[in-house]
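Naming follows writing order (A, B, C and D), and every chain is counted from residue 1.
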Amino acid sequence: MTTVDERRLAAQRGLDPRPDEIMTISASRLLEDGKVMFAGIGQPLVAAALARRRHAPNLTVILEGGMVGIHLMPGELPDSTNEMRAAIGAEMLTTATDIFLMAQRGFFDYGFLGVAQIDMHGNVNTSLIGDPERPSVRLPGPGGANDIISMCNETVIVTNHEPRRFVERVDWVTSPGYLTGGDARREAGLRHGGPSWVVTDLALLDFEEETRRMRLRGLQPGVTVEQVVAATDFELVVPDHVDVLDPVTAEELALMRHLNGETDQSAENGEHRAE
Amino acid sequence: MTTLAFPGADTVEAREELERDRRPRVDKRMAAAEAIRRFVSDGDVIAVGGTNHARTPMALLGEVLRQGRRELSLVRPLTCFESELFIATGMASKVVTSWVGIGHGWGLARVLREYVESGQVTYEEWSHLGVGLRFKAGAMGVPFLPSYTMMGSDLGRQLDLAAVDCPYTGQSLNAVPSLNPDVALIHVQRADVHGNAQIDGYELMDADIARASRRLVISTEEIVDTDSLRLDPARTTIPGFAVDAVVLQPMGAYPHECYGHYLADEEAFREYMDAVRAAGSQGAREYVEALVSHPDHDSFMASVPPHRLEKLKADAKGMMPR
Amino acid sequence: MTTLAFPGADTVEAREELERDRRPRVDKRMAAAEAIRRFVSDGDVIAVGGTNHARTPMALLGEVLRQGRRELSLVRPLTCFESELFIATGMASKVVTSWVGIGHGWGLARVLREYVESGQVTYEEWSHLGVGLRFKAGAMGVPFLPSYTMMGSDLGRQLDLAAVDCPYTGQSLNAVPSLNPDVALIHVQRADVHGNAQIDGYELMDADIARASRRLVISTEEIVDTDSLRLDPARTTIPGFAVDAVVLQPMGAYPHECYGHYLADEEAFREYMDAVRAAGSQGAREYVEALVSHPDHDSFMASVPPHRLEKLKADAKGMMPR
Amino acid sequence: MTTVDERRLAAQRGLDPRPDEIMTISASRLLEDGKVMFAGIGQPLVAAALARRRHAPNLTVILEGGMVGIHLMPGELPDSTNEMRAAIGAEMLTTATDIFLMAQRGFFDYGFLGVAQIDMHGNVNTSLIGDPERPSVRLPGPGGANDIISMCNETVIVTNHEPRRFVERVDWVTSPGYLTGGDARREAGLRHGGPSWVVTDLALLDFEEETRRMRLRGLQPGVTVEQVVAATDFELVVPDHVDVLDPVTAEELALMRHLNGETDQSAENGEHRAE
């Protein structure tokens, strides 16, 4: 809950959250204390750092480069999941392959993914746009994403909400969601996990239990159902009642920017110690 | 599939269990008595860490003997006299291993021999790698791993191992079934309160055992700050999220050895073997009786002449590379 | 079987090759030029150690560029701009990876994009674990490993991965084919003259790559006495018997980073990306031309302003845990 | 070659080799410099230490407990392949499973095994005597032996030569040799390795290429073909000509006892440094 004072404070400071900040903060709220998160660079790592500072001090963060229980220094979050900055201060270092094998065993509560495209059943494309045989755009590819969504207990997807991303059918299933819906994922042999939440700048969404179709669950403050539907290029499941999500607080925003190393002096509180 | 040829080999079910019973990052310290009471049940398949007389979780095993359990299966790559304590007292009905002996020139395991030869205990013989791959498959979350191990031998035939063909090369190999033991007991040199644990020297199969097991109790020579693990994170072998209980137990492998801390107490081996040579399995039972008459491992340790312990520690420290 | 779906996946043949070409324990030191001349051939599948901009064997790769090779396949779990140098010069006809990007906020790999989108290079996309298990199977000497990786996805379909059923549980998983690359290039922090090598910090997939490969060239920041390895043997990741050549090469990963020794040189990234942004793949070719105009990596390093290098080293050392 | 002086010296000292010493020394001579040996405790380790001191200084010795390139201290050879004494001073420590996987890949030139029984095709029993369902003697079992003979490039078997050990058919194939002979091993899927030499107190034997039957190749000094045949409870292949092996030299014997920590002062040469 945001207090009036905080809102006023934020307004006074001109601290309006950007869309990517709204997503990161919404995602951070999903992380429960004591759990294990397989994180990527950027938004997932910032969301993890924020959750650790606010409500989940015992969240264990994993990186695909072999790092377990990484050290999150405000303003010095690593640029890559595979570099010295990410490894220093970890509680455990193992091999890259071993990290994914721990995921396959079932040790990781959360995976986090970004997308180039996502479809109504949560299938994710980060490989290519256009004809797979001769793509018009070659994207970076899965990295760990295919394994994360196949093996983590649940996977949170964080992305801007745009029609070109929310498509009826992805051009390429880099990372499997619920495939064609219903039991298709399980029938394909993926016995565990799957996408649990989709966090966007407009909304919070999940997947209907039976059909595994994407469903609107919450609206970012000030966003309408119509706006979400318009930004989605497939038919969403829209319940009769949709909650409005708690707005971003000034404290969340300031702390997040601090962790992210942004030079907002008002966010600095003098301490610069490690998480 | 209704019945599995190899109990504990269903990784899907083992994972579903893991998802139900998460191990959040909390302070997991507890006494051995509580850890064993909570996590070791009658009928369990117990994976015993270390091998032979190396880093055996003797304090935790002693607590199982103290509390008493029935129908246990003990799984260990190489087995020493600890298995005989469970066999002689009727607590273990099955031993799964690649080798049983006392070591230190003591030769065959007499009590085990007696019970196997008279059919009173089930002895399941695997190759060393066979045991290792069962744990590794369990740790990897897959139901089997392909290997040359035990091909062509009576081990593979007796166990009724299945072959698996490579879909690319056509090569046929043995499929080694996974094992997710009900519980593992592992002794380490140091751990934090969350169970992040470091092993010095030989790791043996303990990283795989820790990850494969459905429940995991570790005992540790010392509890350290989490931050001290960060100084040498590559040495952290067991992640806290695999651990259910952390038992602070100095001398926790005694009378077996713990790398860097103490050597095995050959005098204790002699006492045990003298008892067995004199009275067979009754000697082993008397050894257990004397052991469990102490309320805990610390109290048992207090009964060992201090100069003996000091020498075992000094000899171990004297051997360390410098 | 006549043709394999996946080149390099026949572990029986890879082992027969290993038995023919033993690597006896001798002094294996040689210059990069000799190592590359002897162990890297046209048409080779090259496994590149490290990932992304971490501990990339840039000096060894630079020597391949200097000597020139054709029809290379580059295999790496995560790929950075080093692959573009081979693509733009026409030396690599295939890239096998799970990810290609420049990192450091530079976004997409422009040259790779251009060549893939125009069909001039074959791009084989695997999952990260898929690449890891290919190396692991090769290291274990088995033709495949079972896994959930790539199930249900277009990756598995495009690669035409086969399923394998567990003979005990009936569970169907993807069979990931092994890979024994023709040669691997790996950069490490220290090694002895026999090739026993230690890696500090992240190991990534290098232990498996080293054991899987048919030939192995390592470059090392320093050569140490074998006895110094004995002080911390658990850190030895690559055994000498897997190694063909040891190249002493300080700054051997530059402009990428080497844990504990130096950070990546963002200015060098900028120079490369500026060239590519200005002139596309021609920019990459010019970068290579400038690189190979130096007779060796030491000479290339001498062309970098010393204060830049000093800062990269000081920053890395300043980050080390204490 | 033994010089007269050495023999005289040995006789003067009463240094007649025991049968186990003859075997150990014969086995050590088979080890080539620069190669990799998967060793067990006892005779194999002493043979390795001796070879390293005499003609194979660059022999790498592996133990199943995860040790690579172990340090062999005279008089302090370890009691177990899985203990501190074996690990201290190794060049590399890895996991026990990893050692066998390196064997499976093909990195190890030699394996060394002892036996309770061995048959004409080199199959080894170290598990039980009698009826497998209800053995009259339960022996320690394979330990690493099944894997060693299945995976090392060649395996040397070292054992006393007695009819109860050299049997027509082992009671139990713990560790596969050539199975029923000919191509049987290969047909069973074991594509590599197999027993290469059998070293006994009476003879050196190998396996005929076609039939894979055990063949007499050399006699220990003073031993006759008839003695070997009498000590073998199956039909050996005996070539027309069988060489006599070089006798144990006083130097080999003294050095071996020194390495083995036996308190023969005449064997001490003042140095007690590590191998």
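As a working rule, contacts are C-beta pairs under 8 Å (C-beta built on N, C-alpha and C of every residue); 3 or more make two chains touch, one makes a residue touch a chain.
Computed from a predicted model, the values in this text were never measured in an experiment.
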Contact-richer chain pair [C-D vs B-D]: B-D
Geometric centre distance via CA averages, subunit D-subunit C, whole Å: 40
CA centroid of subunit A to CA centroid of subunit D, Å: 59
Rounded Å distance, subunit B centre to subunit C centre (Cα mean): 38
Interchain centroid distance [CA atoms averaged], subunit B/subunit D, Å: 30
For subunit C, residues that touch 2 or more chains besides their own: 11-12, 140-142, 147-148, 163, 171, 173, 201, 203, 230, 234, 321
Residues within subunit D bordering two or more other chains: 67, 87, 89, 93-94, 101, 104, 151, 191-192
Chains grouped in pairs wherever the two touch, ordered by label: A-B, A-C, B-C, B-D, C-D
Partner subunit C, residues of subunit A touching it in the complex: 64-67, 79-80, 82-85, 87-89, 93-97, 100-101, 104, 127, 132, 134-144, 146-147, 150-151, 172-176, 179, 184-185, 188-192
Subunit D contact footprint on subunit B (complex, rising order): 50-54, 77-78, 97-101, 103-105, 108-109, 112-113, 116-117, 119, 123, 125, 127-130, 132-133, 135-136, 147-155, 158, 163, 171-174, 201-205, 207-208, 257, 259-260, 263-264, 316, 319-321
Subunit B contact footprint on subunit A (complex, rising order): 33-36, 58-60, 67-69, 71, 87, 89-94, 101-102, 104-107, 109, 151, 153, 191-192
Of subunit C, residues touching subunit D in the complex: 11-12, 15-16, 18-19, 22, 24-26, 139-142, 192, 196, 211-212, 226, 229-230, 233-234, 236, 239-242
Residue ranges of subunit B in contact with subunit C within the complex: 1, 4-6, 9-12, 140-148, 162-164, 166-171, 173, 175, 177, 200-201, 203, 230-231, 234-235, 321-322
